[in-house]
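There are two complexes below, and they share chain A, which is joined by chain B in the first and by chain C in the second.
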Partner chain A sequence: MAKITLENLAHSYSANPSGESDYALKELNHDWVDGEAYALLGSSGCGKSTLLNLISGLLHPSQGRILFDDKDVTMAPTTQRNIAQVFQFPVVYDTMTVRDNLAFPLRNRGADPNYIKDRVQQIAAMIGMEATLDRKARGLTADAKQKISLGRGMVREDVNALLFDEPLTVIDPHMKWELRTQLKSLHHEFGHTMIYVTHDQTEALTFADKVVVMYDGRVVQMGTPQQLFETPEHTFVGYFIGSPGMNVLAAEVSGNMAMISGTQIPLGQQYGTPAGKVEVGVRPEFTLLRSGDEGLPVTIKRVEDVGRHKIVRTDFQGTEINIIVAEGENIAPDMNRVVFDTAGVNVYSDSWRVAPQGV
Partner chain B sequence: MSLILEGVSKSVNGQPHIHATDLELRSGTMNVLLGPTSSGKTSLMRLMAGLDVPNTGKVIWDGTDVTGVRVQDRGVAMVYQQFINYPSMTVYENIASPMRLLGQSKEQIDAAVKESAMLMKLSEFLDRKPLELSGGQQQRCALARALVKGAGLVLLDEPLANLDYKLREELRAEIPKIFEAAGSIFVYATTEPEEALLLGGNTATMWEGRITQFGLTPIVYRQPVDATTARVFSDPPMNFLKVRKQGEQLTFADGQVVPATGAFAGLADNSYLAGFRPNHLKLDKQTPASFEFSAKLHVTEITGSETFVHLDHHGDNWVGLIHGVKNLTIGSTVDVYLDPKYIYIFAEDGTSIAPAPYANAA
Partner chain C sequence: MNKTVNQKAWFLILPVLLLVAFSAVIPLMTVVNYSVQDTFGNNMFFWAGLEWFETMMASERMWDALGRQIAFSTIILLIEIPLGVFVALNMPKKGFWASLCLVLMSLPLLIPWNVVGTIWQVFGRVDIGLLGYTLNAIGIDYNYTQDFYAAWITVIVMDVWHWTSLVALLAYAGLQSIPDAYYQAAKIDQASRISVFRFIELPKIMGVLMIAILLRFMDSFMIYTEPFVVTGGGPGNSTTFLSIDLVKMALGQFDLGPAAAFSIMYYLVILLVSYVFYTVMTNLDKRDGH
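Here is the complex of A and B:
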């Protein structure tokens, strides 16, 4: 396993980039700590696959360097980087048995046959394919083939890093749970450096120690799932993480109070008078639907019963505010106010979070 | 309008894909087919559409037997997981194409294209080619084409599966509104329980070529008729535990003996399967009636607002979805609590004996 360092790394697909907008990946400096599990999260076109391809060597950067344990690999081909990769769609040898598919990376490197036998058995148990080891891969379902790809990605213990590019896209939801849990417990056991690219927030948050959120070629926040949830550094993070995402409302902020379309609400902390376009962000998890005079006046548009909770979609003077209400909790007809839990209120200036100055 | 399947079945090379199925769908309804890959969702849709002819049974459309009628001659529109558009045509022409085939007038076509483009937020892209659009817009184009001809039956086969998470969220919120306005029969296949819940309407849960239950979505979710339906309609999966009722006592699989009170008091002496959803498992004893179980912590997953705990309870894999961020030690033994009102009782063969008491109130 290795530490991976990105130094002034940037990439443009155009031969003569003229400005920042020509860069699919804007300049980035970062150390991927040895043994940590990272997720790269963002919508399509945000630059996450570009970054992954630079690390794996499928692409070479327009500028900057990539170091594996302080050794420059910027221009080295994939084969010399000693990494394992798993892609969105299964890559298996149809004419080989499941066993031979799993053993392939080990045989290629001339590993001891007894070791190969044990290791393949261990991996097969992990992906739940012990019973099908001697079947040909041909004719297996897409699910099963992707499990083989995952298994083959993890079969070598001596790789510098494991890179996953949307590996669970073709997998059924129930199987996703199992495989993700297996990946997680494998990481716990072996401490591989793992980088996992996905657009699925649940996958990213549940898998990774640290989540790297990308937007428009830039890393907008890197943090633990809890940091991304509680203190999104950019309104994009608030929107992208969470379902529904964070409610964002235009506001005038002064000290520990915000004025939102004529209603004053407490912020819980001091913010001074932030400059620029000022907004208040509150996740639906930190909102309470109430009756009475306290809070912002809202009209309920729709209630979605998602099972473990309800999502109440309300209108506040033309802006949607989403509220989460617990399963079994009653929604009374006279509930027409939303109150914010100050523990979950953040203030933004030009889309970036303003650090509070104390209580 | 109605679509009725009467004993419809389909086998391919001697393999049953759909077992004899009865189903009745009414106009203006959203009907979700929920089940894992290969459970028969697409096969059933193909039979509904007339793309396949059933081996047995009848397909009845508005009172008329249409079993042998070709798909071209039925009022059916279909949207697939892959975005299927004509790449050389503009978005306008793509949306207009089904109406041109029907030989409708220019004015009719123009009005209908503009209306469905507006619903799908494509008005400003009508002159573009599909490949110049984002994935979400391409799928909107395919959806607009399905809507434009006013088909009585619209079949959507995992239409959002290839889209980004956030786009999916956005379209999922819009689709039910559009359907309410259209008045057709909508059938929507998905593998995701949460998607079924968000779409609302009716849900048919599918498992191994059979519909296990059909009814209002929240009812199927909270009052599953058997353990299979409960499994299909839970993500993460429902947790199970064996329990024996004898006299005034319940004995759980872990050897724990508790008094059989509440909903358990009326059960006949027998062995049962108790089921409960992950979000009802707690790390603290919230009510005096709660049962306490000791389990080994296998893995935790933290989403930022919630923690998934994966547990091994005497050989049964359980998942708990706990509110808040919990830092627990992997491999340690944790005590978890379950309020009996959240317990579903199934017979050993999986048939529902009693839904969880809370489900009747929710």
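Here is the complex of A and C:
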């Protein structure tokens, strides 16, 4: 177990990167606190896996340093870093039995045979594969193989960190939930530093203490699920987290008022006059549907009842605005105005959040 | 689905039947024909039954040739398979050097058999051959026309030179198809280089390797041209393999009956071994499939 520090870390897959766009991972400074569970969230191709492979040593960075507990391991090979990593697609040793697969990382480290036996039994119980321990790994189903991969990742107790690269992609939904719970309890039990890469927000938010959101090779925000929900630092975080994502509207902001296509909207707080491309972002949870003359005029396109609440999809001059309405609430035909609850309004300049003044 | 009964449909397989008859059955039957008859010349044949087979089974000459043949095939398989895999493991994975390696390695495969024989026949000659002359100049007594070991070594080295590329190319193709994730997982699991080969690479290339072994076994078991050009089966009978012996018997001595019986037995051995390989290979596939 170790604290992992990334210093000015950046990576490019081309040998001679000419501009910023050549970097799959843009310059990054970050501490992964020992014993915390992180989720690394972002859409495909945003650099999540690159970051993970840099930490495990499968890739070496174009610049910057990686420290494990203040020891420089930037150029150390994977085998010396004592990291466990589980990949998106199952990797098993076909000719070995399930038992040997699980024991393999321990045997490579020369662990005591009795310890290996107990530990393998323990892990097998955790992944629910005690019955198949003596079968050859060849010929098992994809999700059984992935469970073996997970088990192999968890079998060493002394690893510096456990890295998961979208490990549950091939697992069926019920098992997914169960394994995620297992991973969480494993984390509570042993306190490993865990980094869990995913593009599924539910997975990220339920698994991790801290969620790191990446966009276009950059970490755009790190925070608790609540912080990500309430104050998205970047419009991408707003879009990406939440179902549906945040409503973002182009606006002119001055002081505590925003002008959105000719309609004045109160913001609740002072923002001055932000420069650049200014946008107002409000989550559907803080967006209210009203009748009368106040607010933005919209046309309702459809209403989706998702059980716990209703999602109203509306159109505001070509931009979609989504509104979450409580299950019991009535939607009248004359409700064609949208207003915002000022508690949930954020202002963005060039996609980055502008902090309100005097707070 | 209901199928209508129409016996005339049998005529539809007639073209294939004719084709196979002319390409395989009829030529084979002439051999079978010779193997059960005897002649005193003038194209007069009479029935001999299984006599030739019995003669051949008791023939020391045939057993010797078979022994040499098995020894030859075993030795070249033992050298070419591991060497080919070793070469494949050390070839560049991509880029210009990978392409260059592939081209250079396929060159021996493109040379006609008798040319390969000629190359080595000249190369190994004591008077003008680079290899033979040099070896003798530095004091090694090497003469493949007189010495048993020199002849065997020459024939084996020639075969290794000619065919290791085939094994290497097949193994290389097998290695290329292993996803990177396997190597990454092995690094994560802190596996040694030997473990990586034993538990990842070898199982993954087993399929192509079986094909390589089968091809090299069949080809080496039927080898004729190259040793015939280099040593002519000598010195003495020391490099007289089955094919060479068969040709001597059939065309040299014109012993059609024994030669035909010999051919059929030869054919059955190859068929048997190929069948065993086929069974093993399909079983490997089945294990993979589940």
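Just so it is clear, the second predicted complex is superposed on the first by the 353 of 359 C-alpha atoms of A that agree within 3 Å, B and C clash if a C-alpha of one lies under 4 Å from a C-alpha of the other, contacts with A are read in each partner's own complex, and residues count from 1 in each chain.
In the analysis below, a residue touches a chain if its C-beta (ideal position, glycine included) is under 8 Å from a C-beta of that chain, and two chains touch if they have at least 3 such contacts.
All values reported here derive from a predicted model rather than from experimental measurement.
Aligning the shared chain A places chain B and chain C next to each other free of steric conflict. By the touch criterion defined above, A:117 reaches neither chain B nor chain C. After overlaying the two complexes on the shared chain, residue contacts for A:105 are found with chain C alone; chain B is out of touch. Residue by residue along chain A, chain B and chain C are tallied for touches, and B comes out ahead. In the superposition on chain A, A:71 contacts neither chain B nor chain C.
With both structures placed on the common chain, the touch criterion links A:308 to chain B but leaves chain C unconnected. Judged by the touch definition given at the top, the superposed model places A:277 against neither chain B nor chain C.
Of the two partner chains placed by the overlay, only chain C lies in contact with A:83; chain B stays clear of it.
Aligning both complexes on chain A leaves chain B and chain C separated at their closest CA atoms by 7 Å. Within the complex formed with chain B, the residues of chain A that make contact are 43-45, 141-143, 172-174, 177, 180-181, 184-185, 188, 199-202, 205-207, 224-230, 239-245, 283, 285, 304-308, 313, 327-328. Within the complex, the chain B residues that touch chain A are 36-38, 134-135, 164-167, 169, 173, 191-194, 197-198, 200, 218, 221, 235-237, 277, 279, 298-299, 301-305, 308, 310, 319, 321, 325, 330, 358, 361-362.
For chain C in complex with chain A, the residues that touch the partner chain are 179, 181-182, 184-185, 187-192, 195, 199-200, 203-204, 287-290.
Contact residues on chain A toward chain C in their complex (touch as defined above): 53, 56-58, 77-79, 82-85, 87, 89, 91, 93-96, 104-105, 108-109, 136, 138-139, 149, 152-153.
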